[in-house]
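Here come two complexes built around subunit A, the first alongside subunit B, the second alongside subunit C.
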Partner chain A sequence: MRGKTRISLAALAAVTLLGAAAAQAETEITYQLWGSPQEGEVWQKVAQEFEAQHPDIKVKVEVNDWDSYWEKIRVLMAGGTPPDVFAMDAPLYPDWQSRGVLLNLQPYIDAEPGLLDDIYPITLEAYKTKDGYFGLPRDFQTIVLYYNKDMFDAAGVAYPNDSWTYDDFRKAAKALTKDTNGDGSIDQWGFWAEVVDPEPYWGAVVWSFGGDIVDIPHGKTLIGSDKAMQAWHFIADMWLEDKSMPTQEQLQQYGTDGFQAGIAAMGVSGHWSVPDYAPAKFKWAVAPVPKGPAGRVTGVNSAGFVIAKASKHPKEAWAFVKFAFGPTGQAELAKIGLAVPIRKSVAESPAYLEQTSAPIDHKLFIDALQYAHPKPVFRGYEEWSAAVGDALNSAWTGALGVDDAIAEAVQNGDEALAKNRQ
Partner chain B sequence: MNFGLRPLGGEKLWVLLLLGPTLLGLVLGAFGSIFATLGLSFFRWDLLTTPEWVGFDNYLGLAGDRMFLRSLSNTLIFSLLYVPLTIVCAMAVALLLNRRIHGVGLFRTLYFLPVISSPTAVGLLWTWIFAQDHGVLNAMLGGIGIPPVRWLGPNMALYSVVVVNVWGAIGEGMIIFLAGLQAIPREQYEAAHIDGANAIQRLFYVTLPAMAPSLFFQAVLSTIHAFQAFDYIYILTRVGNGNSSVPTLVFSIYRNGFRFFRMGDATAQAIVLTAIIFLFTLVYFRIQRRWEVPA
Partner chain C sequence: MIRIEPAPWESRWPDRLAMLVLLLGAIAMVGPFIWMLSTSLKLPEDQYAGGLIPPTLSFENYSKIFEIMPFQTLLWNSIKIALISTFGQLLTCSMAAFVFAIVKFPGRHALFVLLLVTLMVPQQITAIPQFILFKWLGLYGTQAPLYLPSFLGGAFGVFLMRQYFLTIPIELAEAARIDGASLMTIYWKIYLPLAKPALAAFAIFAFLFSWNDLFTALIYLPSDLDKTTLPVGLALFQVQFAGKWTIMMAAVLVSVAPIMVAFFIAQKHFIEGVALSGLK
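Right after this comes the complex of A and B.
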């Protein structure tokens, strides 16, 4: 027995040594992102194309679900071994950037004149700081209205169109809310949305009613203004009075996405929902979000790349970011159909516009930029969003009246903002 | 009387070597993190920059932190219901299964099953049981003409999750109580029987006093579980964006530490949690000592 152990130990040591020797021949960088395993595969492909052009660099792609991803990055960062390149959600960027753990990309960008020329300017805004860019956008998401054509047809309601106001929207939603099997309980709702974070729904409604979300320089949560309150009452009337939206408890019976589950005739979401909805058994399409008293406003948000300041291979990491940010990388990403490319030449080309997996109006997501407000981006975003969301939720469950819930949300939100001031 | 295998000569080295990683992991992992948690609770630390000494600020800040206070009150109410209910239910099941009945092994397995089932799967199953329109419970109520109850709505959610957690904990308590019951000498029952004690008297004057150690052990264990309750509750009450309509202490600790960049606040909350459990345990020990003296 003992002899055998020795042999296997020796073999193990040899294999380890060999592996180490092989790895030294090239520089390995890691790229971590949140997302589905399918997204990981696409990125693997992008990495392979990059490796073909840069034979001395190897990219290790690692994908995790949203929650695990952020835990992992924090722990790796705290342990001093962060990934070289990692994905960033724009609203969370100031939390990381202000703590000095991201590499300043400005010198690299300065060395590449014209690098940012082809990029939609609104997607760059979130990453700009007074010291330059510490991150670059990877793709963007504008929120549009998704609708289930089969349900509209069955109810004889006209499809949403360009001229729709929130009143038209509310009327249609009411007409589409039904007890289809006649068992005495509603099983089809006109609209479904998650009303916790400003994205995807309530931020856009507050803006289109003329309200605003936060005033960062003064540390104020603005969602309690008169105009914003009109938006909240609109949402509450539709949800709690018309009952044309399922409650959290009703939704829970079918899944987490009411549109995908086929119980809601309309939903609001970004392009990320397209791959989820594509295999649906019902016919669906997209339309612009409705107009409010202050016009049509939607939200836009972006995911981006950042490089860890502690990266041992910043040059190689930049080479990879530049590639993925560039036309080849962006074209490859367009094919996943999960987001909109940040590069105009790619977004306005067949690579993005003609996605065979989902024959919908993809251009709508680009046109939406003209009336989109960026999702708020500030230090302490996640804490603020949770603090506000907790209070909002108590309105939707009926624990608090809408006015009280918003008053609490403002108070919670302002406390969170105060705690995160520098 | 030592029949165990003992390492001989050179094997001792191997034993140490092979146990080393586990022992080291235990010392560093368990004790290391306990001390680190205590230490960090006096710092402001976001995991990314150098920790900054703040003395008792994190603890003082908790008093005005409404999100923390809400989770603390949820956890306290939960525990006050959960601990006695778990003990009573587990004891009842243990007493029923401590007889010579057919299929006793099957019943014991069935009651223990929740303990080893995946909390996520079980949580989803309960979501279906509690469901408003198509749920099992409301269908049963509907059968006898009672209108549907919003089991996971704002008024009932806390009680509904207590039920699920008690259900999940009966098996574990049952095992402990069964072990205690089987250690009671039969002679005591026979003597009580001869003295004319009926079944109820035998329960209160023979069984329960003899079970005191198991009861206290289970009380301590249930209290620890109650204050650490998280998985079923989160699955049953989650709302979008990682929020929960019944946030608990452990949820608050997780959120502060891993989502809000507040490891200092999170560790201070963890220390408060430990202190509460410790306090309850002390109280239990006091009661147990009092109970045991006259017996």
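Right after this comes the complex of A and C.
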């Protein structure tokens, strides 16, 4: 049924067309984002507040899951009907920007002196290009350590603190890995992390051991350096030798997030996990990521707004972005606790710090900016991360030794970088 | 009347063996479904407890999914689109198939091959041109792109129906022709009723295809939960409830229920059809 005879399609559809609706009087713009239905509702609320201030503009908010979202945006873009405003993930931004489909926001920013003054500079970096900003950050995510207090208490292990090194972390994870029901198989692990994408875990470990991910201007994958290799061996030893982390098969039967499922005593994640973890039946808290030989380093990534160049209402789209980027919009977002506001005055106000999402130290996520490196952002990121991720997976499944897997990751990663050279 | 004597024990063992194999097959097929049903009836904290028997029987998951999402609207949108699509496919594919099977016209083989070739063109290739076309027609954002193409036939359905029509003795058509029946009458009064089993089988395919189609709904419909279809809603649902099997299974069960109903309805005709053609 897939390949249809399309010759008569136009004729038949033309008949249906006769009843098609006419254009509306008030300007309607669309804002699309990825996320959960709840996120969609929050944005709906922000849109309503915006509409109250701009009665002539209507904002239509649409939310999809991550995969569907990008599939949809690509087709809409190719078909010439992109949403006016859409959410962007910083690592993917250079790809979209370099294809010339995003509106240059620089003229609009120039017309608003002081607009960027209140913004954490590190969150702006990803969106800056030599021709100006083609996007603005919406919120940011720093990675911190989450820990299950109940499991620490039961095992008599001291909670993580800010003097923890990766060695302390490894020891604690080992002590927390056990067979709690005595059936002969492990059912509680000390730690769980996703070790394919650099964002949640491995990027931070590589940095804290003194390694780096890619060079500037993004021609070489650096994860095979001596220092980075120490980081990889640290991860592999903890996972494959200590067995302090569940294997991918073990995890699968509990879901996709080992910490949330209550089978891992520690996890690493950004603020996006807070609403997910809040209803958990165990007590939990957050701590800074451990220190490595090269100090404490974590990752920061920011989601942003972009406006499609093909938008028929760029002025209205900008008005919405400016509102959502501004104090009112940011304060509304802060309350739901999915991310940290990019605006200092909001992030350091009760709107964010005293949010009701979960009773934890929300300031920790802001403090983490001081020792955070931005997640690598370059053209071809998606291709590069898929190439590297595939090679990493072969190490975690045991198909390849760690050294061979990293060598393969570097080689495949470099090929992806070469292909995307500008 | 011939009485069929029960076979002596020795000669019945191959039957018993066959039954055993079928039974094992049935368990393998039905097992996951039973698991799904039982998990959907458990309390969230019991999701791994009690094996197949829920420790506490609860319908909480079912009421919850309707609170979280307007499932009834999503279901209705999906059912509506699937029914219209199935009708369109049955009608136009059987018409085209009838012509390919019965009417001898120059170039029909070439045309048929051309039609089959369209089976090889993946959806990804036609997605964007089709999108541009529908946009040009002003139908972007309406449900029309989800069912309209079904009224234009389709290689798979035409092929399936044509093969079936070819098994019907051509003498039936010839006899009707001699009695002065038009092509339309032969199609409608003779071929279509005889093709019930094939139509039933094809209806299941067509319904299933439309029911499961995430991509088309995703790109043509606004992703509002009151306008889109079930697969888009389920994909969103999955993000939020990963690992929470009790509620996921309730949602999945609700979303496969209409397919099962469609299957059982079609299956009745399917069996009837087989029985009828056996008398031929």
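Throughout what follows, the second predicted complex is superposed on the first by the 397 of 422 C-alpha atoms of A that agree within 3 Å, B and C clash if a C-alpha of one lies under 4 Å from a C-alpha of the other, contacts with A are read in each partner's own complex, and residues count from 1 in each chain.
The rule we apply is simple: a residue touches a chain if its C-beta (ideal position, glycine included) is under 8 Å from a C-beta of that chain, and two chains touch if they have at least 3 such contacts.
Computed from a prediction, not measured in an experiment: that's the story for all the values here.
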Quiz prompt | Which of subunit B and subunit C A:36 touches, first, second, both or neither | solution = second
Quiz item: Given the touch rule stated above, what does A:181 touch, subunit B (first), subunit C (second), both, or neither?
Solution: neither
Quiz item: What is the contact status of A:255 with respect to subunit B (first) and subunit C (second): first, second, both, or neither?
Solution: second
Quiz item: Counting only touches as set out at the top, which of subunit B and subunit C does A:62 meet: first, second, both, neither?
Solution: second
Quiz item: Once the shared chain is lined up, is A:356 touching subunit B (first), subunit C (second), both, or neither of them?
Solution: neither
Quiz item: Touch check for A:95: first (subunit B), second (subunit C), both, or neither?
Solution: first
Exercise. Considering only touches as defined above, state whether A:196 meets subunit B (first), subunit C (second), both or neither.
Key: first
Exercise. Name the contact category of A:71: first (subunit B only), second (subunit C only), both, or neither.
Key: both
Quiz item: Both subunit B and subunit C touch subunit A; at which residues?
Solution: 67, 71, 75, 78
Quiz item: Considering the complex alone, what residue numbers of subunit A touch subunit C?
Solution: 1-6, 8-10, 12-14, 16-17, 20, 32, 35-38, 60, 62-68, 71-72, 75-76, 78-81, 254-257, 260-261, 281
Self-check item: In the complex with subunit A, residue positions of subunit B that touch it
Solution: 46-49, 66-67, 70, 127-128, 131-135, 148, 150, 152-154, 239-243, 245, 247, 255, 258-262
Exercise. Could you please specify the touching residues of subunit C with respect to subunit A in the complex?
Key: 45, 68-69, 89, 115, 117-123, 126-128, 130-135, 137-140, 142, 144, 148-157, 205-206, 209, 214-215, 218-219, 222-225, 232, 235-240, 242-244
Practice problem: Enumerate the contact residues on subunit A facing subunit B in the complex. | Solution: 67, 70-71, 74-75, 77-78, 95-96, 99-101, 185-187, 194-197, 247-250, 252-253, 380, 382-383, 385-387, 389-390, 393-394, 397-399, 412, 415
